[in-house]
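Given below, in the form of structure tokens, are the structures.
Two complexes are shown next, each including chain A; its partner changes from chain B in the first to chain C in the second.
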Partner chain A sequence: MLRLIVVRLAWFFPTILVTSMVLFLAVNVIPGSAAKAALGIDATPQAIARFEHELGLDRPLYVQYFEWLARVLQGDFGTSFQNRVPVGPEILARLPVTLELALLAFLIANLIAVPLGAFAAYYHQRPVDTVISAIATLFGAIPNFWMATLLILLLGMTLRWLPAGGYVPFAENPAMNLRLLLMPALSLGVVSSALLLRIMRAEMIEVLSSDYIRTAFAKGANPSVVIWKHALRNSLIPFLTVGAVEFGWLFGGVVIIEDIFLLPGLGSLVLVGIINRDYPVLLSSVLVITVVVLTLNLVVDILAAVLDPRQVHARSEQ
Partner chain B sequence: MQELIRPRRRLDTPPVLAVDNLSVQLQTRQGTARVVEGVSLEVWPGEIVGVIGESGSGKTMTALSILRLMPHVARIVGGDIRLSGTSLPSLSDAQMRKLRGNRMALIPQDPLSALNPVQPIGRQVGEPFVLHRRSRWQTAWEQAVRLLGAVHLPLPETRAAEYPHQFSGGMRQRAMTAMALALEPDLLIADEPTTALDVTIQAQVLRLLGEIRDEHETAILLITHDLGVVAESCDWVYVMYAGRIVEEGPVGRLFAHPSHPYTQALLNATPSIELAQAELAAIPGRIPSPYEIGPGCRFADRCAQRLARCAQEPPLLPVAAEHLARCWLLEEVRA
Partner chain C sequence: MSGQSAVRPPLGWRRYRLLWIGGVLVALVCLAALFAPWVTPYSPYDLDVTDMLQAPSATHWLGTDEIGRDVLSRTVFAARISLQVGLVAVAVGLFGGLLIGVVAGYWGGILDLALMRAMELLFSFPAILLAIVLMAVLGTSILNAMVAIGIIFIPGFARLARVSTQKVLRQSYIDAARTIGMADARILQREILPNVMTPLLVEAMTAFAYAVILESSLSFLGLGAQPPEPSWGNMLSTGRGFMAQAPWLAIVPGAALFVGVLGFNLLGDGLRDFFDPRMKD
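Here is the complex of A and B:
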């Protein structure tokens, strides 16, 4: 158990380092230039050269990378090319919005996936299973931005149940905060639930066909005791790992969804960074998102191990 | 007056388990599989009754049908199952749940896969108290420790908190037995309880079943493919082949005078110490598929003593008092 945590932690930092390299490279390889974005397409070659020299963009890529890395490690995320404000505080202010949205979306995805997946598995190869599997396929096929548009049209414009966009911090007005985040979280969560539902269903089918489930029935347990007390924990062990990956995917959706719902989160900052070729903004936001996702993966790996006594005892047996 | 061969049979009470002309079919894409057909058997209090047959003989499906734990493609299409006189097929699922783990319990084949890997042993052994007696978990745990001690598991207090993967095969089967015994059921169904175990552990588990029978007058239905297990522990035996009972009788009598060619072949195919040097006789051919069963004797294709009339299936014919076999040869001998 302890060994597992140490191994995972030992991999954690190299992974982030490699990710940062890939990120830096990717951002610099995409077509377009920061100078043209900042100065406009009419900018003279001299103005562009001056802009790039001032910001150090004319130096070799590896020099730029190590300089950026050194600053980031000291907590300095640089200043925006576009409006010359420090990126660090901006990210810090926007991170809670994105975290709340992602967690809420993930919660919704699981609230759909776990019970429906378990239900479908229990009625494996019967009509209920077919219907639920069809719903999962449908959910998985919906692009999240289209889902968002539909929700705004239905819940925002026609029924006028929820505000169509905007943001209020949770500390200021919790009820309003949740009302504002519900639609964006639904757009992300419903789509994400599709894959999770399939995984839950598949794991649950396997677990339900195992002998210890028959033992539970042989003891006289009813189906709900069997599913929730005997089968769920066994299904959750593999499910969690996929869940962590899906959580990462969810962050990809955050970029567009935050823009649609006018949420001042990291996702919309990423979008601004891409459009303006504002490298410090783009790099730092994506790096922070990466760290969040990797941290979650780490936590999930450890949690999956805690859920499985065979792993907890793996050390003490040797 | 006829000698009473089945000593535990009583006239004042019904048997603990009476399976009467039971037929079970599987409905699958391949068609209808007749996996159990016209099976009748009885288990009386304090009796250990063996059901022996190779895989595909329908013995496990018979056991699961009694508990209503068969796969959902299986249907009971005929016959009756009575537990101390109560007809089970007519009960609702909720009524069946009240009986399972309470009045009748299962000891499964492979104790490792039959134990939940993520729950401590004590919790699993004590669970019947929570399910049927509405006990609190703490009481159930204390009962589990007591039961684990009763099945001779050393250090039951410590062991109860451990997980299945920390147990040896024999310990796991003891834990499964403790779980099945929890509420002192009238009927124990042991589905190949020794198959997954070492030979030395097998003997311990069989001895334990004997103890349970002696202490609680429990009726035990022992499903097995091992003639040695039957010889060692059973009072009465039913031989199953391709969904049919082909021979039944008291163990000593049946082993001394096997009267169905299948039973004879089965005995010849089993190694014994005296015959260690002799060649084992394998039974030629395979058990027929349950999807394609004809009107004749189901063993005819593999039978060395086949007759013309075997194209029609014989009924169970008397060999001696309470010893029956499903073979035309019995009439030939008499004629």
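Here is the complex of A and C:
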């Protein structure tokens, strides 16, 4: 157990380091000069040279990388090319928006997937199972941005139940904050629930056919206790690992969804960085999202090992 | 005669429902893409400013867009981009992943460790984020979208190819082949590849569905297919600006996208049941 945690941690930091290197290199070979994007296409060569010199863009790439890395480790994400404001505070302000959206979406996905998956497994190969599985298949084929569009049309414009976009911080007005985030979270969550539901159902079918569950049923234990307590608990551990991956992927979806619902999160910052060729903004926002996702996977891997030590042995045998 | 085979034909509807529904949907999309110029009533590019934002009618079955182009024609033509991107991206991912996975699985050791670590790193990025960064690096064009999406698929195919290769390597006929002095290249070609391809082809269907989603996501963000080229993603993106006056502009391309993705997903599930009936629960 301790070995697994140490090994995972030992891999974690080099992984982040390599990621930062790859991202830095990738962003620096982006065609189209940042200077032109910031100064306009009719900037003089002298102005461009001055701009690049001021920002240190005329030095060797590896020098730029290590300097950047050293600053990032101190929490300094550089200055935006576009409006010359520090990127760090911007990221810090936007991170909670994205985290809240992803968490809400994940919550919705699980609220759909866990009970429906468990029901489908209990009624395995009966009409209830067929209907639930069909719903999962349909959900899984809806692109999240079409789901967002349909929700805006239905809940926002036709029924006028929810506002179609905008953001208010939770601390300022919790009710309004949740109302504004509900549609974006639904757009991501409903689509994500499809995969989770399938996994939940498959795990639950396996657990329900195991000896101890059959014994529990045979001795006349209350079926709902057997299902919701014994079986569900044991299905949740493998489910957790898939859930973490899915949660990570939710962070990809936020780029589009934040754009659609005008949410000031990290995802929309990625787009701002790309459209303006604002490398510090693009680099920092992608890096922070990636680190959040990698950290999440690390935590879940360790958590899964703590909850079910058998997994450690199963893995070392692979 | 047992009668069993007569009652239940090898590709019967009851047993392979998913395969059939998926196959029909995919065939529909493919036929639409192939015969687009012949089955559409108008050109996808012809604009008619006197005919803007018309609701669905007898002349324009699915209405017209903000500059009077026929939505049905554009939706049908857009299937071409989706299928092209899907084909190229899946090919890039399949061959890249096959190469890496088989090499890692066959030779093992430090090579395996290095390759699979790199794959894991690539896999840990949220796909659309990786696609967006790659598009920023490669430049916005539909060809680059194909490559970017293809790169995203490499780790998935590589993992599968590696596991399948290792599974085949444990078989005794591989030991036999080695004993009679068969060369690595020949073992790979004759024994490994044929056995590895089946799971990879099944996975390719799921990847295809995902490629279609990713392409439309990129086009939706303005990073994929460029106007006036119709793509379900960019049509939906434009349609969002006219949702109050012309909701069909956002509904129709999304529905086409949904049908395409659903088709490939179901075909993938169906093929999995067909090739590996034990997986069917």
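To be clear about the criterion, the second predicted complex is superposed on the first by the 279 of 318 C-alpha atoms of A that agree within 3 Å, B and C clash if a C-alpha of one lies under 4 Å from a C-alpha of the other, contacts with A are read in each partner's own complex, and residues count from 1 in each chain.
As a working rule, contacts are C-beta pairs under 8 Å (C-beta built on N, C-alpha and C of every residue); 3 or more make two chains touch, one makes a residue touch a chain.
None of these values were measured; they are calculated from a predicted model.
After alignment on the shared chain A, the placement of chain B and chain C results in a side-by-side fit free of clashes.
In the superposed pair of complexes, A:290 makes contact with chain C only, with no contact to chain B. Measuring from the middle, so to speak, at the Cα centre of chain A, the directions to chain B and chain C differ by 80 degrees in steps of 10. In the superposition on chain A, A:94 makes contact with neither chain B nor chain C. Within the superposed three-chain model, A:221 lies in touch with chain B and out of touch with chain C [touch as defined at top].
In the superposition on chain A, contact of A:140 is made with chain C only, not with chain B. Within the superposed three-chain model, A:282 lies in touch with chain C and out of touch with chain B [touch as defined at top].
Counting residues of chain A touched by each partner, chain B versus chain C, the larger count belongs to C. Closest approach of chain B to chain C, taken over C-alpha atoms in the A-based superposition, is 8 Å.
Residue overlap on chain A between the chain B contacts of one complex and the chain C contacts of the other is empty.
Within the complex formed with chain A, the residues of chain B that make contact are 67, 69, 94, 97-102, 105-106, 108-110, 113-120, 124, 127-128, 131-132, 163, 165-166, 176, 179.
The residues of chain C lying in touch with chain A in their complex are 117, 121, 124-130, 132-137, 139, 209, 213, 216-217, 220-221, 223, 236, 239-240, 243-244, 247, 250-251, 254, 257-258, 261-262, 265-266, 269, 281.
Residues of chain A that touch chain C in their complex: 11, 15, 18-19, 22-23, 26-27, 29-31, 124, 137-138, 140-143, 145-146, 149-150, 152-153, 157, 202, 205, 248-253, 255-256, 259-260, 270-271, 274, 282, 286, 289-290, 293-294, 297.
Of all residues in chain A, only 210-212, 214-222, 225, 230, 233-234, 237, 307-310, 313, 317 touch chain B in the complex they form.
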